[in-house]
Amino acid sequence: MIDVTRRRFMTGAALAIAVALERPRHVVAQPASAGPAAPQLIEDLVAANHILADQGVVDGYGHVSARHDRDPNRYLMSRSVAPELVTAADIMEYDLDSVPVDPRGRTSYLERFIHGEIYRARPDVHAIVHNHSPSVIPFGVSGVPLRPIYHMSAFLGEGAPVFEIRNAAGGATDMLVRTAALGKALAQTLGPRAVALMRGHGCVVVGANLPQAVFRSVYTEMNARLQAQAIALGGNNVTYLSPEEVDKVNNSVGGTILRPWELWKRKVRRSP
Amino acid sequence: MIDVTRRRFMTGAALAIAVALERPRHVVAQPASAGPAAPQLIEDLVAANHILADQGVVDGYGHVSARHDRDPNRYLMSRSVAPELVTAADIMEYDLDSVPVDPRGRTSYLERFIHGEIYRARPDVHAIVHNHSPSVIPFGVSGVPLRPIYHMSAFLGEGAPVFEIRNAAGGATDMLVRTAALGKALAQTLGPRAVALMRGHGCVVVGANLPQAVFRSVYTEMNARLQAQAIALGGNNVTYLSPEEVDKVNNSVGGTILRPWELWKRKVRRSP
Amino acid sequence: MIDVTRRRFMTGAALAIAVALERPRHVVAQPASAGPAAPQLIEDLVAANHILADQGVVDGYGHVSARHDRDPNRYLMSRSVAPELVTAADIMEYDLDSVPVDPRGRTSYLERFIHGEIYRARPDVHAIVHNHSPSVIPFGVSGVPLRPIYHMSAFLGEGAPVFEIRNAAGGATDMLVRTAALGKALAQTLGPRAVALMRGHGCVVVGANLPQAVFRSVYTEMNARLQAQAIALGGNNVTYLSPEEVDKVNNSVGGTILRPWELWKRKVRRSP
Amino acid sequence: MIDVTRRRFMTGAALAIAVALERPRHVVAQPASAGPAAPQLIEDLVAANHILADQGVVDGYGHVSARHDRDPNRYLMSRSVAPELVTAADIMEYDLDSVPVDPRGRTSYLERFIHGEIYRARPDVHAIVHNHSPSVIPFGVSGVPLRPIYHMSAFLGEGAPVFEIRNAAGGATDMLVRTAALGKALAQTLGPRAVALMRGHGCVVVGANLPQAVFRSVYTEMNARLQAQAIALGGNNVTYLSPEEVDKVNNSVGGTILRPWELWKRKVRRSP
C-alpha cells in the first residue's frame, strides 16, 4: 500500500511541492482494524449503495461510506465496484488517511480521499456520498447557485458551494480527488455544510448517519431538477425557503427521514 | 392525545394568540368511532396510495384520505408511512379535529389537519390528496399560475391558488400544516376549487370520491409538466381552455374517470 | 343505437343547425357485419394498443383502430377501455357512421367518429391512432409548428396542422370529437397528411397499416420532444429536413418499419 | 451481392460521377472469412447491443460492430434487427467494403458502410456504434457544439463535428449512409475523434474496444442532456473541461470503464 499511496501523492504538478514539504514517511504501518462493525451498519451501507442506484443518484460510478461505529478514525466503504453491485463482502475498512486496513487484493476507489478527509474535518459526519447526480452537474458548471426550493431540501439552506479543482490543485487535473491534499481542499470548501458541488464532476453529500446522507443525496438531485424547472418557467422571481424557514424545517424534517428510508430499502430488497 | 394536540397548537408564534383566545379544552374525550367503513372504501384507499406512488405523484411522502361512508364527521387515512407501503391494517379513523379514534400506538401524519379542516369546510369533498408532485412545485414558487392546457385537466379551470404559509402563520414556519389553524387557512385558500398549491412544499387536491381525487392528482402533475413545456416552446401565446370549455369539459369528462382508475388499479395489483 | 346517435348530434349549438338541415333518419338499421376479420389483424390491433401504452404514447385514454380487411366500410376498435387492458374480446366492428355492428352492451369510445370519418375521407388509410401524446400537446397550444427534426419523422414533412375545435363547432365544446360533424371537420383539417394535432387535447395519426400508424405515433411523440429541446438549445436556427429530404426518406424508411414493430411486439408480449 | 453493391453506389446524383470515375469491378468475389471470432468477442458484441438498448442509447434502430479479432480487414455486426433482440446467431462477418462473408439470406443493415469505412480509415478503432441517441439529435441540428461538461465525457474534448450529408452527397438524400462513398465522407468528418454527429439523424461513436465504444455512447447521451440543462440554466457562462483537463482525464478515466461495463452487462443479463 505504501507505494500506491506515494504514487497518488506524486500526481499533479502543484501537489508535488506540497509533497516535497511533507515529512517523508518511509515506513507506513498497515493500519490496525477497529474490529468488526455492527452488522446493521454493514447492512445499511450495502442498502445505501443500492438505494442510491435505484433512486438515480449514482450510475456505474459514485460511492458511499460510513464512519466505523467502534472507532471514529476508521470508515467503511466498498471496494471499487459499481454501487448497485455492492455486497457485504465488498465492504473494506479504511483509516482517515484512506489506507485500507485489509485490502486482500481488493481495489480501492481512487477518490477515497474525499471520505477520509471529510471524516477528519467533520466529527459530526458519520456518512458520506460522492456521486455524479445528473441534475446537479449543470449547477456545478453554470454559476447558478443551488438553493432550497422546498422543505425537503432545506439542508441546502446553508448553501452548496462549488469546489473548483483547478484552484485547489493550482492548474489542470484529471478532475479526480485522488490525493489527500485534494480531499482536504474539498473538505475545506464543504465547511460545515451538507453538500458541496464539484465543478465538471458531481457532488459530495454528508450526514449524521446513512439514512440522512442518502436522503440528502436524493433530495439534492430532486431540488436541482425542480429549481431548473422553476427558473425555466418564470425568470428571476423564484421564492426559495428563507433562512428562518430553513432553520425551522431543519429542526423538524429530520424526524421523518426514516419514512422514505424504509420505502427505499424495501424497493431495493424487492429487486432480484 | 390531549398533550399531543395541545403541543401542536403551541407551534408558531402567530398561532399562540389564536390559541390563547380559544376556550381551553382541559379534557378531550377520545372521539367515538363511526363503525367499520365499507370494505370497498378501504380497498380503494389502499389502492389510491399505491396508485399515487406508481404514477409518480407521491414519493416517500404525501398522503391520501377518504371521508368515512357512515359518518361525514370522520375520515380515514393511513398511519404515518410511505404511501407505497400502506396496507388495510394501516388505515386509521379520525374526527374532523384530526384526532385519531383508536391510535393503538400508531403514529399519525403531522399534517393530518389538511384533511380534517378541508372535510369540515367542504361537504362536497369525500377524498383528499396531499403530495409533493414534482412538476407542480415550480409553479408554487414562481408566480406562474397553473392553467388547464388540455381537457384532462379542465378541473384546473377554477384556478389553482397558491397557499403562502408565511402569510397564514404570520411569519416563518417549518412549512408543515401541523395545526388546525394552518389547516383552516389552507382550506380557505382552496375555497371551492379542486387544487391549491402550497409554496415551497407541494399541493392539495380534492374530489367527490377517491377515483376523482386520484385522477385530478395525476393530471395536475401532467398539466404542470406540459404547461412548462408549452411556455418553454413559444413564449406567451399559449392557448388554455376557455372558461366555457372548462365548464363543458367538467360536465363530460367525469363519466370517463373509471377508465384510467381501472387501469391504475390493475397496474398496482400486478406489482409484488 | 338510434337514440344515442341522435343525442350525439344534438350536442353543440352550432351543430344543431347542421342537424336541422339534415334529412331526418327515423329508422337506422343495425349495420351488417363484414364477417370475422383476419385473426392476424385482430392480434395486431390488440398489440398496437399495448405497444402505444408501453411506448408512452397513450395513458388511460386514447384508441387505435384498423379498417376491416374484408370491407372498407367497416373498421375495428376496442370497446371503451384503457388501451393497455384491451384483449381480442374487446374488439368491436363499426360502420363508417361509427355505429357498432354488434355492441352486446359494450360501451363505445365517445370519440369513435374520429375513426369513421377519417376512414370515409381517406381510402388510403387503414389504421388510425388517437392519443394524448404528452410531448405533442404543447405544440397544439403554442402556435409552434411541429416539423421533422430527423429522418424517423419525415412523415411530418407534409406538416401537422392544428385542429381548432372552437372553429369547427362555432364555439366552446367539451373538446371531444363526439359527433360525425366534428369527425368530418377533423378529417378535413388532416387532409392528405399523416398527423393532425388537436388543440388542448392531443392528436390523430394515420397509416396505411397498423405498424405504420403505431410507428408514426411513437416518432411523432419523439420528434416533439427533440424539437422542443432543439428550440430550447439554440433559438431559431434549427435545421429541419428539407422537402426534398422528406420525399426521399418517405420513400425509403417505410421498408424498415417492421424492425421496431417486431421489437415493440416482443416487449409487450413479455409483460405479464 | 454484386448487384446489390452496385445499386447502392448508384444512389445519389453527386455520387454517380464518383462511381463513373471508379474502375469498374465487374466481378466481386465473395469475401473469404477470417475464421470464427473469439467467443468472448461475440458475447460482448451481443451484450453491447442489449446494453445500448437498456441504457436508452438505441431504440428499434441503431447498430454496433466490432473489428474481427483475427483479421483487421473484417468486422462483425448483427443482421438487420433491433439491437435489443440480437443473439449470437445474428452476428455476421463483413469485409471493409461491407460485403457480408456468408449472408445465408440474412438482411444487412443499409448503413453498414458507416462501419466498413471507419474501420478502413481508423486502424485504432475496434468498435463502432451508430445510434439515434435522443439528447444528441438536437445538437446535430441546432449549431450548438457538443462540449464536455464533466469528466465522464472528456472524450468529447476533441470536438464532435457534425456530418452534413447534404454537402457530402451534393444535395438531398434519404439521410442514410447507404453507400461506401457516404461512409468515407462520414469517416472523414469524424477524423481522429471519438464522436461525430449526423445532422437530422443521430451520431457515430468509436472506441478501441466494445466497452469503450459503449461507454462513450452512454456518456455522449448523458453529456448532451446535461449540457442542454446547463445552457437552459444560465446562459453562456458554462464552464466546460479545458483542453488540458481533457488530456488528463482521457489518460485516467480509461482504467475505470470496466466498472460500468460490468454493471451494464449484469443488468441486461437479469432481464428475461
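When the chains are written out, they are named A, B, C and D in that same order, and each has its own residue count from 1.
The rule is short, and it goes like this: contacts are C-beta pairs under 8 Å (C-beta built on N, C-alpha and C of every residue); 3 or more make two chains touch, one makes a residue touch a chain.
Every value quoted in this text rests on a predicted model; they were computed, and no experiment measured them.
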item	value
Co-neighbours of chain D and chain B - touch as defined	A, C
Chain-contact steps, minimal, separating chain D from chain A	1
Rotational angle, Cα trace of chain B fitted to chain C, multiple of 5°	90
Copies chain C and chain D touch via same or different residues, half shared test	different
Length of the line joining the C-alpha centres of chain A and chain B, rounded to whole Å	35
Euclidean distance of C-alpha centroids - chain A vs chain C, Å	50
Touching two or more other chains - residue numbers and ranges from chain A	232
Chain contact graph, described as a line, ring, star, complete graph or other shape	ring
Interchain pairs in contact, sorted by label	A-B, A-D, B-C, C-D
For the chain A and chain D complex, residues of the former touching the latter	59-61, 80-82, 84-85, 110, 132, 134-135, 137-139, 141-144, 166, 171-176, 199-202, 228, 231-232, 272
Chain B contact footprint on chain A (complex, rising order)	148-152, 154, 222, 225-226, 229-230, 232-234, 237-242, 244-245, 247-249, 251-253, 256, 259-264, 266, 270
